[in-house]
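Alright, structures below, take your time with them.
Shared between the two complexes below is chain A, which pairs with chain B and chain C, respectively.
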Partner chain A sequence: MTLALDKPRSPRRPAARRSNFELASWLFMRISGLALIVLVLGHLFIMNILDGGVHRINFAFVAGRWSSPFWQFWDLSMLWLAEIHGGNGLRTVINDYARKDSTRFWLKMMLYVSMVLILALGSYVIFTFDPDIPAN
Partner chain B sequence: MTTAATTENPASGARGDQPPVPEGAVTVTVKILRFNPETDSEPRWESFGVPALPTDRVLNLLHYVKWYIDGTLTFRRSCAHGICGSDAMQINGVNRLACKVLVKDLLAKGDKPTTITVAPIKGLPVNKDLLVDMEPFMEAFRAVKPFLITYGNEPTRERIQSAADRERFDDTTKCILCACCTTSCPVFWNEGSYFGPAAIVNAHRFIFDSRDEGAQERLDILNDAEGVWRCRTTFNCTDACPRGIQVTKAIQEVKRALLFRR
Partner chain C sequence: MSDSASATVEVAARGSRRNGTLYRGDPGMWSWVAHRITGVLTFFFLFAHVLDTALVRVSPSAYDEIIETYKTPLVNLIEVGLVGAVLYHALNGLRVMLVDFWEKGPRYQKQMLWAIIGVWVLVMVPGAYFMMVRTVTEMFGGH
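Then we have the complex of A and B:
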């Protein structure tokens, strides 16, 4: 008499890949989150509360701010940290909720493409901003 | 036994006529999510009126249903005293051991009728009624190497450990592998192969054991994409554990060990 078993062997999971990627991304979320609290709250305070808030924002105001490397650096780090922080968060959400491998793959591709586009466009504007364009 | 279940020839597990209702018993509705793979395509709810004493356990109610109402009800239980970890199920929506939940804690306020819902633990394939296939759970358990790993010559005497070293992993030695924690974890419900809290708890038990030398192997395994970094610290596992293990804390300790190793 032979043993009739559905699963004669236990399923195997792939061997550990010895990659620290998930560790790094977990750590990045914590550190960038802390940095973003300062960067974003500071940004919101300057833009919306200080000195008349949104009503004084115009081309000249932005041009004035971006003439200083400090604010250029502030906005650039905010752009990169927020985009990668949010993108990585969405990556984990997709990993958790996508049911099919193909759905997961295409959602992630869309996410990565949008991240690259936004980072490239944002960095391009900050680095090549020309305050001498006549404001309308 | 070749004939179908009748009153003369009851289904396996049935014990004949209903016993007299004890004094002080109230009738509660036990609503069970049932599934018979031979006839059902979807699980269905079925309700039973069961006389219950406040001091009864939910397991007693299930026994009553199986022994005196419907002998086809299928569930696991072994010791019935919260040690073997066989009867994990979703009771009123939370994962508990049926042998550790008392009816008096589930009774409706005032004189309102009481309904107790019982469903199989979530995220594992249901074989029948409350009986689930534990293999995915056990596979994750085996994958973290839950046994003593040592290298070099074996000592001639027993492996000595100080009380403080033993205390380090005391909490995670309490696990009874009931799967309450793992099947309460939203990440485990997903179609992935996340190890789940129970496997990490059992890895923790050896990673922090001063006599064990396999910590690096286990940390490598848990450092993977399906390892501890998928934990979202929802604390469902800590809330579900019938042994009171601080499961989320154990997972965080493994994360910290990974962060600061070497």
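Then we have the complex of A and C:
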């Protein structure tokens, strides 16, 4: 089925597009989504299903994994991609459902603050992890 | 194809549950609703999960204590739900990309939806088994 329009809905197009941000965001969701399929499903499989799953996880297990740059890089990439992918998704959801401009503004501010907090904290933890930290 | 045509007729009449004219949506619409819900839930879990993992910078005992809650029956069950939500979001995300970028994607969107639901069930049955087997045997097997 083709959708035919009798005439352009507005007599002329806006002179220039202000930004391609939404296009970049749309593309980012697909590219990061592809990477996250490998990163997150791999993470869930290792942590929850393989070899006893969640029951074998403790501090020593984390220390063993993060002694390897491979898993450090895996977790850092997963953190950044997942947080931005999820944050951008929630931004879309807020834009869709918030009815008042002020509600929309403040919900997005809360979202952005939480994203900065989580990215900063998560990166800090991965970069400064100390396997010999005192037991208590 | 005939589904969507008849759905259009149905909404033209006044929607109601009683006379069977309520618009119940197309599976494609519900797949989009489920994609949103699973995405938002996963995002909130990610927030909590980075906070609990950050306890490795506090002390090994603080981290071990919080991770013990992940091993309790209720949280273990919630983990199965989380894996199910993420798996659906991943599979449906692939379907969305195929609809966007594969020339035949839009035509096969409904078949692809049934396909990903099939894959989801095939993965979740053994997945849920391996995630829950220890919890269930400890609860009911007594060892």
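The rule is short, and it goes like this: the second predicted complex is superposed on the first by the 116 of 136 C-alpha atoms of A that agree within 3 Å, B and C clash if a C-alpha of one lies under 4 Å from a C-alpha of the other, contacts with A are read in each partner's own complex, and residues count from 1 in each chain.
Heads up, the rule we're going with is that a residue touches a chain if its C-beta (ideal position, glycine included) is under 8 Å from a C-beta of that chain, and two chains touch if they have at least 3 such contacts.
All figures in this text were calculated on a predicted structure; none of them were measured in a lab.
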- request: Check whether chain B or chain C contacts more residues of chain A in the superposed model.
  value: C
Message: I'd like to know which partner A:A82 touches here: chain B for first, chain C for second, both or neither.
response: second
Task: Based on the superposed arrangement, let me know which partner A:L34 touches: chain B (first), chain C (second), both, or neither?
output: second
- prompt: Looking at the overlay, does A:E22 come into contact with chain B only (first), chain C only (second), both, or neither?
  reply: first
Message: Output the chain A positions appearing in both contact lists, the one against chain B and the one against chain C.
response: none
Query: In the complex of these two chains, what residues of chain B are touching chain A?
result: 135-136, 138-140, 142-143, 186-187, 190-193, 220-221, 223-227, 229-230, 232, 255, 258-259
- line: So, in the complex, the side of chain A touching chain B is made of residues 7, 10-11, 13, 16-23, 25-27, 92, 95-97, 99
Query: Once bound in the complex, which stretches of chain A touch chain C?
result: 30, 33-34, 36-37, 40-41, 44, 48-49, 52-55, 57-60, 62, 79, 82-83, 86-87, 89-90, 93, 114, 118, 121-122, 124-125, 128-130, 133-136
Task: Under the touch definition given earlier, write down the residues of chain C that touch chain A in their complex.
output: 36, 39-40, 42-43, 46-47, 50-51, 53-54, 56-57, 59-61, 63-64, 67, 70-71, 76, 79, 82-83, 86-87, 90, 93-94, 96-97, 100, 127, 130-131, 134
